[in-house]
Every structure is written in structure tokens, then in C-alpha cells.
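Right after this note come the structures.
Same chain, two partners: subunit A is paired with subunit B first, then with subunit C.
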Partner chain A sequence: MNGTARRALAAVFTLWLAATLVFFALRLLPGDGLLTQLIESGASPATIAERRAALGLDQPAFIQYTHFLGSLITGDLGVSLLTGQPVAELIAQQLGATAELALASLSVAVAAGLALGTVAALGSRVIRRLADALLAFALSAPVYWTGTLAIFIFTARLGLLPSGGAGRLSQLVLPALVLGLQLAGGIGRVTQASFSETKIQPHVQTAHTKGLRSSTVLLRHIARPALPAIIGQIGIQAAFLLGGAVVTESIFSRPGIGRLLLDATLRQDYPIVQGIIIWAAAVVVIVNLLVDFAIALADPRVREGT
Partner chain B sequence: MPGKPRLIALPIVCLFLLVACAPALGAQSTPGNRIVYGLSFEPSGIDPHINASAELGIPLRQVYDTLVYRDPTTGEFVPGLAESWEISTDGTRYTFHLRQGVTFHDGTPFNAQAVAANLDRILDPDVASQKAIFMLGPFADYEIVDDYTITLILAQAYAPLLDSLSQVYLGIASPTALQAVSRERYQFHQVGTGPYEFVEYVPGDRIVIHRSPNYAWGPSFYQPPAENAIDEVEFRFLTDASARALALEAGDVQVVGEILPTDARALATEGGIQIIQVGIPGQPLQFLMNTTRFPTGDRAIRQALITGTNREAISAAIFQRFSPAAWGPLSAATPFYFSQLQGVFSYSLADAQALLTQAGYTDADEDTYLDADGGDLTVRVIVPPWGQIPDVAQLLADQWRQLGIRTELIPVPTRGALFEEVGKGEFNLVAWYDFGADPALLNQYYLSDGTLNWTGYTNATLDGLLIQAVATTDPGSRAALYAQVQQIIMQEALILPIRDYVNLNGASTRIQNLHFDRYGWFPLLPNAAYVGG
Partner chain C sequence: MKAALRPRRLPWRTVLILAVIAFFFIAPAFAPYDPMATDVDAQFAPPGLPYLLGTDQFGRDVLSRMLYGGQRTLAIALTAAALALIVGVPLGLLAAWQPPLGRRRPLGWLPHLLNSVIEATFALPGLLLALVVITLLGSGPVSVAIAAGISQIAPVARLTQIAGRGVLASPYVEAARALGARERRVLLRHTLPNIAMHVAAAAILAFSYSLLNSAALTFLGLGGALGEPDWGAMLYDGRQAFRIAPWISIAPGVAITLMVWFADRLGTSLTMRRNGSA
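Right, the complex of A and B next:
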């Protein structure tokens, strides 16, 4: 079996595993959104049974599972328990906002992460300490706190930026910075570690001795070998972002897949939860393939299969 | 290494440029009478005939008229799309005489056929209504008498019908609009006869409504548009409570609901912000007590738990004194509330201890807990995560510790989990509340065979009163019946009432005349004004 076929099989297996796990995990939880709503509305047990039967919820779990897999193969993610809308449509509606935030925050994260990581590895002693502390802060400060703080400072006190919403560029700035700062922590740490490791390698020493300019040494001899690790890290974060940034979307009152997931979970609208988990798994699989491809481009050792 | 700083500076410079340019790029002026209204969550769907959330009513109460309205001050039913109505003496036939000259926002004329089309839709099994259909109770059929007269026929007398018909879930939609799109799509294309027209719903982002120029058939308490009447309202979903308060403070939104009590205290001291407290009718925050399980099967224990609860301390610590203490199964804002229960079982540690001693509970092993079955006297409490109930339960545990009672908290994450935990029957108390302006909502909880009879209490007298109160249309007779119902529930100490639910709304002081309807949640936006926008 060649590499491509093996990868495709692995991808399908991953998706199947994610779909199966989420299907059964959700059915282990007590109740569902429709059931509790109907009970609260005063529906009779007979009416409740009828409604559940209409959605196939009265079938044994395994039968429901085979139906679910059958639909999934045709790209059908089912319908919301509470509104009857197709889940794929609900996800598609939120995709634009999620992609926008993902792209913006990832740009911030890459710029800030690379900058801080580089300085933390190669700067003078004081600068290294400072960058190191900033990275630690970025990694450890929860978005819930930095987000609220950012709204407090930039919106409530300074009146510079809107507190939330979506559609205008100004509304994207705070969430992208807050989320980007946190992700910059991860990228920065990987950059710092790779650069620190590479800068003491003999080939870097040789390059310096040969009298090459510092920028050439940094780009060609330090950054290049570290690229695969950094690309891998960026890929992980891109996949995470496209699955929805639950906390950031909530604090900044933004539409997006994360909010959809949170609302559906709280309301126990399981087809939506299922659909989003499968979507997120698909994103991870695809991004991983892209990352592998990018690493192969960046690293001749991988490209040549050694 | 001279090259390095330049490289590093580039992304940082880009970052700052982005930040610096952003406000200028995003700046826009807000048109005069347009406001942004922050909802505290996004409903799962916003079709009032299908979906059940209270939040959907905040925008849609403005889009639809109902056959009748409840006067927000008196609570009486007043004409809406029906100019008058008669109820047959046996309470099973309601004849509505409809207003003439009313048109839907799409130009469709309003008449008896339109009312019938709405009833047909709500009753259609394929529409699968989650609330409206059940609000019709024992509805059996309708008769179109003429173009402007319709009779609703019930299988048996059902007094809450007018209350149901006054709510947005039974709002009258344009039959043309209902026909035009599928069941799932109607929520994006809603058409009513109300003071505002539905403009758009963008899931996850906003709902927009616009003042209707032709509206001239409002209920008596809708005033003619003020000079600075609000022309357009954009509803946004601000799910995070702290973010809601900050958005209001920053002026990004002009009205928000469900502010946290601590935020409300802080905002009240800010210039330019008003806090509007609205008591919500229905059940107060309460703990239903399981009478079928030890120790809450013992009335003395139930009475001791209530008497040993310091509601004032809870109100002060958790609700910043915004909430009045609750004394019975209905909140003070509910029609037929029996005010003489106020002060019953008021806090007294000594009285609570005396009740326990008289009932024979002692601490023989001197471990500071009363003894039961060879262990400590323990109550198990089901604690859902909403409405600050976990904080309340924690305070209760501390307070009951002084009575020598051990409290075991059972956290549940969702309504489904709560229902399952209750179903196991291994609890003593469960926190719960439900809202509504007709006390008929008590039946589910206190009828011996009620679907939510979580106290497990059975009493033929109470059953008789509850059933009679639902079948009696005369308000005076209902008041007498519900007075007895409320007294029995507290005599038997079936619940521990904590506080009346109060919605803390925050608004810019430039919003004037913002009042809420009798159900507490829904603003009367036609009467409001936005000054100096």
C-alpha cells in the first residue's frame, strides 16, 4: 500500500472513530433537549412518545447508529431536535464568522509568537527574560480573563473599540488580539525551544565563523531547520480554531461554531453537537494532511523519505 | 547582530498598525432612533408557534398582536385583535369578535380565517409545536361564525385559555407568509400585525425589527408613538453576563436583561445607566421537598428546614438585596398571589431547633450533627447550575449546619440530568422554578398525579381545589380557590421558597419610558423613546 492510500484510510478511520465516540457518548447522557422541553410544556406521555418516535429516538441505540452512519456517508448530518433545521446548514451559517476569527487570530499568533519566540531564544539576557515572561503570561492567562479585561480597558474605559459583534473590522480586533495572544504562547514556546537548540549546533557556529551576516544565519541556518516543528504547532492551532473558539465567541458576543456548540450542548440538542464534533474531526484530519505536506516542502529530509 | 531587531520589529509594527487603523475603519454613525438590545442568550429557534424560549418573545412580542392582551398594570385582559369576547356559562366556548381594518405587514387582511389558519398550524402534528399547542389545553375545535367572528370550542372548561391567547406563542401570523415558506424557514420570514415589522434574523448574530408605519390597532396601553420613538431595534446575543454589563457601560448596547446582581450594583452608580427591576410572575426560586423519603418525609423536618433558612442573608449575599424574599409557591408578581403567607416560617434558629427537638432528633454521639439511622441527619439536594442556585445551595448548607443537619449537594449539569436525578427518587430537595402569569402552572407540580409532582405529596382536597380553579372562569372564585391552594402547600411545608425572580435590566438613561409587560420579560417598545440619539 502506498503512502497516500494509507493516509486516506487513516483519515477515514479517524472520522469514523470520532463519529462513533460522539454518538454513543451523547446517548449515555441523561435526557435530550426535546424531551425536557415537552415535559416542561406539559405534554402527555403519549404525545412525548409520538414525538420521539417521529424522530426515530424510540429505536434501539444500535439501529439509530446504523441510520446515523448511513446518512453520514451521504454527507447528511441530520436535523436539530428543537428546530428541525439541517445541522449542515446550521454549521455552514456559522462558518464564515469562525473562519474570519481563525484567520485573524492565527495571524496575530504567528506574528507575535515568532517574534517573541525568536527574542526569547536569541536576544540579550534581559530581553530573553522579558520575552520568556511574556510567553509564560500568554500561555497561562485564560481568555476568559484577558477578554473581559480587554473589553474593560479598550471599550468601557477608552472607548476605542466595540465590545463585540461581528461584521466590521473593528469588531474583530479585540477578539483576534486576545485569542491570538494566547495562541502566540504555544507558537512562541516551540520557536524558542527549536531556536535555542539549533543556535548551539556546529553548523550555526561554522556559519558565524565564516563571517555570514546575522540575518542570513538566522534565516538560513537557525530558522529553516526549526520550521517543521513550528508549522506543526501552527497547524494544531488552526485546526483548533476552525472547530470554534467557544470562550472567545461568548465573551465578544460573536457568532461562530463555538457558540453553536455551546448552545446546543446546554440545550442537549444532540444532532448539532454530533455534527460539530464530526466537522472538527474532519478539519483536524485535513489540516494534518496539509501540515505533513508543508513540512515535506520545508524539510528536505522528510521530502526524501530519510 | 544588527539584522535581528529589524526582523523582529516587522510583525510587531504590523500588529500595531492593525490596532491603530481598526477603529477608524470600523467607525460608523448610529442613526437617531435605532437601538441595540442585548438578549442574554440565543433561542434555539425563534418561531413562536414552535419554539418555547422566553427570550424569543422579547423581539417578537413587538411583531405580533394577540387576540387579547393583559394590561401590564392591572393584569386584566383587554382587547387586542379581538374587540370583545364572550365565554359560555359552562366555560367551553369562547367567541371572539375580531377587529376590522387590520392588515398584516405583508398586506394580507386580518380576519377569522387568519385566526383559523394560525390554529391549524399550531395544531398540525408535522409542525411539532413545543409549547403553543400545549397552551391551548383541552382545545377541541373552532367555528368561523362570520368573517370577523370565531368561536374556540374546548372539550372542558379551561380558565387559563385567555392567558394563553395573550402570549406571543399564540401570536397571529399572516396566513400568506405561513404558506409561502416551509415550517423550518418561517422563522426567517415572520409577518405579524404588531407595532414592529420583522426585518431579519441572522443566526448567531442578530434579529432586526423596524417600526411599522401603519400600526393603529394596539391595545389600550400602547400609546401613540412618542416624538423620539424607537424606529429600529437590533437584538444581539450577549451570552456572557459580564460582557453584557461592559457592553452597556461602553454604550455598545442601549438595553440588556439579566444583569448579574453584583454588576447591577456597580452599574447603578455609573452616570447614564438605569437599572430596571422587573418581578417575574410564576414560581419563586424554591426547593421542592420530597415527602416520600427520609428525613423530608417528616413535616417537622420540612418546617425546621424552612424556619432555619435565613432568606435575608441569602438575598443580601447573592442577590444584592434586589430580590424580595419568597414565602409561598407563587411570586408576588403573579395574579392570585396570596399575600397573607408573608412572614410564615420566617427565620428563627431557635424555633427551628425547637421543632427538631420536639420531633425527637438528638445528638447522642455529640459530633455536632443530629443522629439518624446510626449516622448523621442528612438531606440530599439536587443543584442545577443556573440562576445562581449553586451559591444559594452552599449558603443553605452552611445555615443548616447550625441546626445540626448535614447537607449533601448533588450537582446536575443540565435539565435532562436533573430530571433523571429526580427520577431516581433519592433526593430530599430539588431547586426549580417555572414562570407564567396563570397559577394553573401549579397543577403539574401539586396534583397527586402531576407530571412534575416531585414532592410526592398526595391530597384529594388539594387536587379538588387545583382542578376546580382551572375550570372556574370567574376571577373572584379563582382567587379564593388559589388562596386555599397556597395555604395548604405552606401548611404542609412542601417547598422552601427563597426569593422572587427579578429580571435586572440595564438601560441607557437616554431610553425613556421603558416598561415591561405583565409576564415581566417582554418590553413594551412601542411606548419607549430614545432621546438624543
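Right, the complex of A and C next:
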């Protein structure tokens, strides 16, 4: 079996295990969202039993599980406990807004991370220090704080940008910058570490001595070897991105999957929570596959299989 | 090898961060006001006198709330980190373990199973996993600590596993086995002490993420009673009124950022020592 097929199979296995873990965690541990909800709304025991039967919750866990897996394969993520809407449909409705935020923040993160990491490794002493401090800030300052500050400065004080909503480009700028800055921290650190290590290598000295332009040395002799590590880090940040989206969408009152998840958590609507986390795991697994593939393209040692 | 023989001194950064954490546990003693006391005449008072860092929407002193809040916030983060270590380190150690060759190989499947579980948990983003736990347990400070802790188990296990694998492949483990050491002894006496620095680095990382994630959960309104002083809860309060009173958010935000920054530096210094370059 070749490498790609083995990786894809491993990814499917990982996804199955993640879905199984989530399923059993949500079913077998105490805390029944439906029960809590219905009791609070004053439903009679008969109504509760009826709703449970309709959702298949009165079946043994194993039967529920086979049913769950069977539906999962066809892309059916179940229905909301409270509204009865299909979870897959709810996710699809919110996907656009979150994808927009994710792509914009990731672009900011890659651009800012590469730029900061590069000057933190190669700049003059003062610039190195400055970039290093900025990276430390990006890594340490939580989105829910920087987001609030950004709204205060750019919306409340300067009146430059809107603080919430979605649809227009101007409404995307602040959330993408805030979330992007945080993700830039990790990418910048890896770039910095890798460039700092490579710039003192003999082959870089040789390249300089040959009289190559410093931009050529940077791109060909310093950045090339660092590429696999940086691509790997971008993949790691993609997982953080989904968590960051929950907070960012909440601060900037944007619609999206993060908001859907938060609302479902507050209402203990666990089919939605379960559906979203399985969807997220699928995104992470697919991104990791793409990252592995990109690393293989960027790294001749992996490409040649040595 | 040489580094291991040198008597270990506590790096000053370790002392510093422990001192800062300790400070927040005695900080209430320095608080000028009761963190719950409201002053109806001084709602949204800007920083100055008598309220050095201003007051919030109920006229409560921001400085006092920040000093008190550290206790609760850091206690939640430390509990979460402890939970991640208690579960994650044994999990990682067992996942790194391979049954010795040449004997009957009972439990040979165990590392593979654990490895798959760690791998699968890694596909679930930390904050999202925490939200699943909150869905189960309901909101509240204990749920937040458990949720933040559970989401850090996989990273701790993975770091322990990577470090443990290296040690378990080394000649002295082979030698210990040749001398007839039981596997339990190999893991606890020969492996664990030699990955202590890696575990410490993993612990610091778990603490940072637990702090960020638990404050995020509290900020999102999942931390239970919001009146109690808590950095995440203060950010939640600040968010309601930051257009007119940004100082409510600034103090707890700076506190969280500094704490995570200290931890990051401490982790970096441990990693550098480990590599022998510092």
C-alpha cells in the first residue's frame, strides 16, 4: 500500500475514533440535556418519554451507536434536540460566515507570522527585539481581550470600522486581524527558530561568499529548508482557528459555526454540539492530510521517500 | 549526559513565575477595597483616586477585583493543569512503552491503542472539546476546570510519549531489563525521572492553555456566578461596557497576558536547558 492511501486510511480511522469518543462521552456520562430542558419547560413524563423515543434515546447504547455511525456515513449528523432541525443543515447555513473568517484570519496569520518571524531572526538587533516582543504578545494575549480592545480603539474611539455583523468586507477586517494576530504567534516563532538556526549554517555562509544577493540567499537557502516546519505549524494553527472562531464570532457578534456551537452548549443541545465537533475533527483531519501532502512536496527527503 | 550530573539549580525564571503565582494567592491582602463592595456614586469611575484602576458598572474597585480574581482564575488553571498531568503523563508513558523483545509479549496491543486514542483526541480542537465537556456538566467553575483540563490531556500525553520513547530506546533501559528489572520499575524508576524536564515543560504548556481556555469559557459566560471576582468574569463585565469604560477589561487582560507570557518564557528556558544550549 502506498503512503498516500495509508495516510488516508489512518485519517478515516482517526475520525471514526474521534466520533466514537464523542458519542460515548455524550451518551454515557451523566447530564441529559433533553431531560433538563423538558423538565424546565414543564413537560409531563409522558411527553418526555415520547420525545426520547422519537429521538431513539430509549434504545440501548449499542443500537444507538450503530444507528449513529450508519447516519454519519451518509452525512446525517442527527437533529437538534430543541428545534428538530437537521444538524448538517444548521452547519451548512453557518459554514460560509465561518469559512470567510477562517480564510481571512489564516491569510493574516501567514503574512504576519512570516514577516515577524523573518525580521525576528534576521533583522538588526533592535528590530529583532521588537519583533520578538510582538510575537510574545501575539502568543500570550487572548483573543477575547485583544478583540475587546480592538473594538474600543477602532470602533468606539476612531470610528473607522464596524464592530459586528457579517457580509461586508469592512465587517471582516477587525475579526480577521484579531484572530490572525494570535495565530501569527505560532507561525512566527517557528519561522524565527528555523531561520535563526539556518542562517549560521555553512551553506548559507557559502552562498553569501559566492556573492549572491541577500534576497536570493533568504529565499533559496534560508527559507527553503524551513518550509516543511512552517507548513506543519500552519496546519497546527488551523486547529486553533476553530476554537478561536468560537470566541471571535461571539465578540464581534458574527454569525457562524462558533456561535451555533456556543448557543448549543448553553442550551445543552448535544446533537448540535456532537455534530459540530465531528465536523471540526473532519476539518482538522483533512487539513492535516493536506499539510502532510504539502510537506512532502516541499521536502525532497520526504518526497523521495528516504 | 553532563547536564544530568550537574547539581540542578532552580532557574531564576522558575522562581519568578512561582513567585508571581504565589503573589496572586496572597494578593487579596493588598487589595484596598472589598471586591464585592459596590459604590453607587462611583459607577464607571475612570482610573485615578480613590480607585486606582477605576470601577466597573456596579462601582466595584477594578484593582481589588483583579487582585482577588487571580486566586480563583489561577486555581482553576492549576486544577486543570494538574488533571491534564495526572491523566496525560501515565497515558503518554504507556503509549511510549513497548513490551520487551524475547519474552511473551502481553499487552503488546496497549501502546497502539493508546497511540490511536491520543491521535484521535488531537483531531478535536481544545476549546471545542472543552465546550463538549461543558455541555455535559453544565456551566460553573468546576466544570470549567475539568473542561480545560480534559482538553490538555492529549498534548501532555503526546509530549510525554515522545520524550519517553527516546529514553525507553536507550541502552541503560536495555541493561536494566537484562538485569531483570520489571517493566513497572523500568517505567517508574528509569524512564520517568529522566523525562522530568520534558514533563515540566508539558506542565507549563498545559497551565498556559488551561489559563487561556478557562478564562475564555468564563468570558463566554460558562463560568457560573459572574459576581465572584475572576479575570475571565471581569473581561465578561468589561465587554458589556467597554465603549465607555475600557479600563474594566484592561487590568484582567494584562494580568492574563503577563501570566501566559511568563509561562512561555519559563517553558522556553526549560527547553533550552534541556538541549544544553543555555
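By our rule, the second predicted complex is superposed on the first by the 295 of 306 C-alpha atoms of A that agree within 3 Å, B and C clash if a C-alpha of one lies under 4 Å from a C-alpha of the other, contacts with A are read in each partner's own complex, and residues count from 1 in each chain.
Keep this in mind: a residue touches a chain if its C-beta (ideal position, glycine included) is under 8 Å from a C-beta of that chain, and two chains touch if they have at least 3 such contacts.
Owing to the predicted nature of the structure, the values given are computational and were not obtained by experimental measurement.
**Student:** Could you tell me whether subunit B and subunit C fit or clash when both sit on subunit A in the superposition?
**Tutor:** Aligned on subunit A, subunit B and subunit C clash with each other.
**Student:** With both complexes superposed on chain A, which partner does A:Ala166 reach: first (subunit B), second (subunit C), both or neither?
**Tutor:** Touch status of A:Ala166: first partner only.
**Student:** Should A:Ile230 be classified as contacting the first partner (subunit B), the second (subunit C), both, or neither?
**Tutor:** neither
**Student:** In the superposed model, does subunit B or subunit C contact more residues of subunit A?
**Tutor:** After superposition, B is the partner touching more of subunit A.
**Student:** Quick one: is A:Ile91 in contact with subunit B, with subunit C, with both, or with neither? Answer first, second, both or neither.
**Tutor:** neither
**Student:** Who does A:Leu15 touch here: subunit B (first), subunit C (second), both, or neither?
**Tutor:** A:Leu15 sits against subunit C, while subunit B stays out of touch.
**Student:** Once chain A of both complexes is superposed, is A:Asp263 in touch with subunit B (first), subunit C (second), both, or neither?
**Tutor:** Touch status of A:Asp263: first partner only.
**Student:** On the A-aligned overlay, A:Ala141 touches which partner chain: subunit B = first, subunit C = second, or both, or neither?
**Tutor:** Only subunit C is touched by A:Ala141; subunit B is not.
**Student:** Please work out whether A:Ala112 is in contact with subunit B alone, subunit C alone, both, or neither, and reply first, second, both or neither.
**Tutor:** In the superposition, A:Ala112 contacts subunit B only.
**Student:** Under the stated touch criterion, which partner chain does A:Ile151 make contact with: subunit B (first), subunit C (second), both, or neither?
**Tutor:** So A:Ile151 meets both subunit B and subunit C here.
**Student:** Just checking: does A:Leu242 make contact with subunit B only, subunit C only, both, or neither of them? Give me first, second, both or neither.
**Tutor:** second
**Student:** Among 97-105, 187-195 or 223-231, indicate the stretch of subunit C whose C-alpha atoms run into subunit B.
**Tutor:** Residues of subunit C that run into subunit B: 223-231.
**Student:** Give me the intersection of subunit A's contacts with subunit B and its contacts with subunit C, in residue numbers.
**Tutor:** 29-31, 33, 148, 151-152, 156, 250-251, 262, 264, 266, 268
**Student:** So in the complex, the part of subunit B that touches subunit A is made up of which residues?
**Tutor:** The touching residues are 1-4, 6-8, 11-12, 14-15, 18-19, 22-23, 25-28, 38, 41-42, 44-45, 47, 50-52, 125, 128, 130-131, 134-135, 183-184, 187, 202-205, 236-240, 242-243, 246-247, 249-252, 414-417, 419-421, 434, 444, 451-452.
**Student:** What part of subunit A is in contact with subunit C in the complex they form?
**Tutor:** By the definition above, subunit A touches subunit C via 13-15, 17-18, 21-22, 25-26, 29-31, 33, 136-137, 139-146, 148-149, 151-152, 156, 239-240, 242-244, 246-247, 250-251, 261-262, 264-266, 268, 270, 273-274, 276-277, 280-281, 284-285, 288.
**Student:** Of all residues in subunit A, which touch subunit B in the complex?
**Tutor:** Touching subunit B: residues 29-43, 45, 50-51, 54, 80, 82-85, 90, 93-94, 97, 108, 110-112, 114-115, 118-119, 122, 147-148, 151-152, 155-156, 159-173, 177, 213-216, 218, 250-256, 259-260, 262-264, 266-269 of subunit A.
**Student:** Using the touch definition up top, name the residues of subunit C that touch subunit A in the complex.
**Tutor:** Touch residues, subunit C against subunit A: 116-117, 119-129, 131-132, 134-139, 212-213, 215-216, 219-222, 235, 238-239, 242-243, 246, 249-250, 252-253, 256-258, 260-261, 264-265.
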